[in-house]
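Should a chain be cited, it is by its letter among A, B, C and D, assigned in written order, with residues numbered from 1 in that chain.
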């Protein structure tokens, strides 16, 4: 029973990490069709932001909260820069954006290496996040709960923003029908930029959160990028709902298989299951049936 | 929503001309071949994520008919074409030449004799005009033939080139063609593909007046032998060339008959000139 | 006409491959033709002038650059010191540096370049097992010398390689000896999924079986794995009294953060790590790892005049904030050992150096080390260290003097049948 | 027509002659043994690039997982070399060290050189065909295909590393002594290996040339640019794509099979996600859709990496990354096409083909959940 509950939490926790990593992608890839391989590097930038902020703000708790905000801005601005300089020219060539952003990822990694040095750096976790709390008789690390909460918060915030704010409406209108949105007086260019800013900003937040769990180094992003894309693909394009289900589903699956076998086998099996799944539902879990030809 | 891209029509005096004589060579086959070909659509229904785009449409088009589908935006015209050709998933029944098409993959529907064009002329821009037609003519080629290079121009391709007046441009990339020429190329591709049922989605969009005239005559001639369905907004074109018209509204058949019958139908007038015109912004399409 | 054209073309295209195959069978030499040694053409090393070339081959780019750059630094330091002291056999060392790019194939390629194009007398470097395995045939085929400075999984002894890091009986087994002395009876094994951890754990399991220790779990994470919640959950539920950790690189950070977060501590369940040295401590975060144990043969805190000199020289060269670690020290030592061999042989020739190697010793920062001429490893003292709040590691236990290297564990009864 | 044809033929013969002269006469005479062997390695990598040029440049299939096929070819060859070195009924050294000292049953067939060569030619290509059929029939394409192929490479590497007893783990397979009976320590044999690689590359380039100029080649471009349009001409685009994908996999496998003896090692580091993308870099820079662009691009990048990265490791990354970004973003046809007159609009990647759906109803503004709002604009 204990094992079951703790594995459930391990799966949810892994799912929340995947979700944070994939949420920004769900926006940029899902809504705009841009395959941003540098998304992982935006997360890396967020993580280094936490490192830098902690140098300035001594208190670990305060600096974490400050970092979340600044990390969002750093990730977002990097994304904005990328959108304005490169991606805006390439909306009709989705596969080429994949390659270009891969090049950007390489350069950003090297930049991090040159600026912060190749060795990993450390960000201290605040005292109120250390240790574990008892949930259903199982010790769950507070950091994991924090990230779970953060992921849920981010999803809810994004869903609300898309649904309720004028910006969200503009994004949805643009995604749904670019020409019509244009004629309705929406600046689709500005909307694209904002969408990309938001999506990349969430990557920055994810990066800050990841400092609580793992290492902070130039290659931090590469560990997550493939998984994050798989979440979006499995979830179904353009679907926050799908991404949420996919992230937690894959998290639980990975944790479950890992518990009864090994991490390596779990990883391979999850990949195999995803490929098989896409055979059955190439459009992902939650798909919008349209006349578009994807 | 503007339907017609503001593509400049090719120069009025362009040398390019359709060649009806050559057409005769292409479709010279005895009319017998097409005798039993007719399109029969029953209870066609297409749903997009809860939104019903086509709702129980019945349609019968016989050989020799030049049927026009009209209706305001969102009426489901293109969706019907999509459903017939296997692009949109649908329920109901679509039979052509007594072969059930619903449920077949698109390429097999084509092999059953159904051909279509797209609203935005979709030809292979990077390939030459000749290559475009050659590909259209070759869906039954085996792998050994495919893996060899083309040594000579197939006869039907040569004739189609003449028919659509693009012989001189045979080796130019299709991407450089004027809009109207691309539309003709698409029609040429349908001809070499030996389609018995031709579904044309706005074939004269963006064409000059003279080009429309020529295209209309071409379609009329083709329509004598084969089954032709045209989705079109251009009312003048319709009045000149349609032999029958089906008016669609909100996914249903609103009215059907000759041009005169349809124009006199009060329901049609209501949809086009009543509330529909302002709301949908399609007044221009009605003239 | 068509027919002929195609035939002609087919002929033309296949002729290339055909010619190559024919040529191969005509002038290629079969393996079984002759048992000729590879170095038929002889070495191209220049020893006539007043300098001699040596090669340093470390990853300066890619994932391993973090670690290997530090090794390169200490190699450079040793070369500088040796040159300042008059060189080797009166000849100044000219260093040819190459980047292995963290890729085994590049290591093989660059090793060949150093040997064949640069004509170096010896090559120093390599870190991962795969880079060493990739270079091994190159050094054997060209009869050249490699000095490899990193602790590794053992089960290897090439006449063309000198291993100046620990083999398993100088690091893994002492680590277990220590745990046994502490009365630990239940050990959990966690490692990255690759050759070193798998081999090490195989030996640990055999050791445990012979010493009444129960292995309560054995878990492997893919390289670069960052989510350890499941593994740590298993660990926590296993009743382990100690953990033997062979995780590599970034995974350590995620592992120790998770370890701490579920409430495990060095006091309740200590972790013995064999891949965490001084420079990794900062990246993991001292908070997360303080009090945990490591098994090495050298720490910056070793108290000896040689080490004080080494640390001081290193800091003077590269800055006060730099730390020294076991692989760095082993690399530093390797250059001095080669110097000792060359001077004993009074020759730079590979065969002479090999012949002179046995018994060459050096008062290294870690203590006196001696080359074993049979297996080309060196005798070294094992040290168990504890990570302190200042980020340094302090020895808490040491073996009874230098341990003779035994890469195939031939001297251990329990290890029979392992290899 | 006939004049053009013979002219073209003359150009072809001159091209073959020049390439042959360069590869078979100039290079072996100018380069040292070491450099020649290096060139052989680059040539093996260029073989993958030729295949990618066909699949991606001509067919629009951006495959981020060619490392899988490269690795399969390499490992199959390496298995044979290890078994051959071990002698009849012998056990490869690493299995003695890390495994239980027995050769697994699925290794046994590789003792035969004939079976090995057949396996190299058939297994990876067969896998590609099966995979391609499964994926393309379900119309998984564009970005989805790219990501899926990347995931495949990631899974392949984890599998290789995890099965150390039978694959050598991270160390891979290495330390080959002979190649079909010829000692690899002998420079003469290494040189012959180079000739084989160079000849093979030449054959591959000519094969791709034949394919590009065949009707199938035209059809492939048509599928790349307007997949649905091709479907509505009565073809099954999946089959068209599968063939090109299979050929690309075959080339990658042969490249891998020669890579193992040339370099002396095949390991997970050569076949994973990053090397798989690295294969693309040369192709993109050289010119993905051209015949020679991928080959020359790949050779040039390999060469530049070797000669520049050791001196300027950090600068090299910026340079390569920057060049890659600029070429893909602003010169999608690669450096091979600089100065060539471009005719017409070029859509190099697979845009959604077919009709724009302009009479699709505009989604309601805010009543529905995101589901309705987020339709459309997918690749």
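Here is the rule we go by: a residue touches a chain if its C-beta (ideal position, glycine included) is under 8 Å from a C-beta of that chain, and two chains touch if they have at least 3 such contacts.
Keep in mind it's a predicted model, so treat the numbers as computed, not measured.
Each chain's centre was taken as the mean of its CA atoms, and the one lying most distant from chain D is B.
Comparing chain pairs A-C and A-D, the larger number of C-beta contacts belongs to A-D. One finds 37 Å separating the Cα centroids of chain A and chain C.
Chain D has its Cα centroid 33 Å from the Cα centroid of chain C. Remark: chain B and chain D have CA centroids separated by 41 Å (rounded to whole angstrom). Residues of chain D found to touch two or more other chains are 158, 161-162, 228, 314, 317, 347, 353-355, 357-358, 360, 362, 371-372, 375.
Residue positions of chain B with contacts to 2 or more other chains are 1, 48-49, 79, 82, 87. Within chain C, residues 65, 193, 220, 222 each touch two or more of the remaining chains.
Of all residues in chain D, those touching chain B in their complex are 210-211, 213-216, 218-219, 221-222, 225-226, 228-237, 343-347, 353-362, 371-372, 375.
Interface residues of chain D, counted against chain C in their complex, comprise 9, 12-13, 16, 20, 23-24, 32-35, 37-38, 41, 96-98, 158, 161-162, 164, 168-172, 174-178, 181-186, 188-189, 192, 195-196, 198-200, 202-203, 206-207, 263-265, 267, 269-270, 306, 309-310, 313-314, 316-317. Chain A makes touch with chain D in their complex at residues 29-33, 35, 86, 89-90, 92-96, 98-100, 102-104, 106-107, 109-110, 113-114, 159, 162-163, 169, 172-173, 175-180, 226, 229-230, 233, 237-241, 262, 264-265, 267-268, 271-272, 274-275, 278-279, 282, 286, 288, 290-294. Within the complex, the chain C residues that touch chain A are 63, 65-66, 69, 193, 219-222, 224-227, 229-231, 233-234, 236-237, 250, 252-254, 257-258, 260-263, 279-280, 282-288. Only residues 5, 9, 12-14, 16-21, 23-24, 27-32, 38, 60-61, 65, 97-99, 101-105, 108-110, 112-113, 116-117, 128-130, 133-134, 136-138, 141, 155, 193-195, 198-199, 220, 222-223, 419 of chain C touch chain D when the two sit together in their complex.
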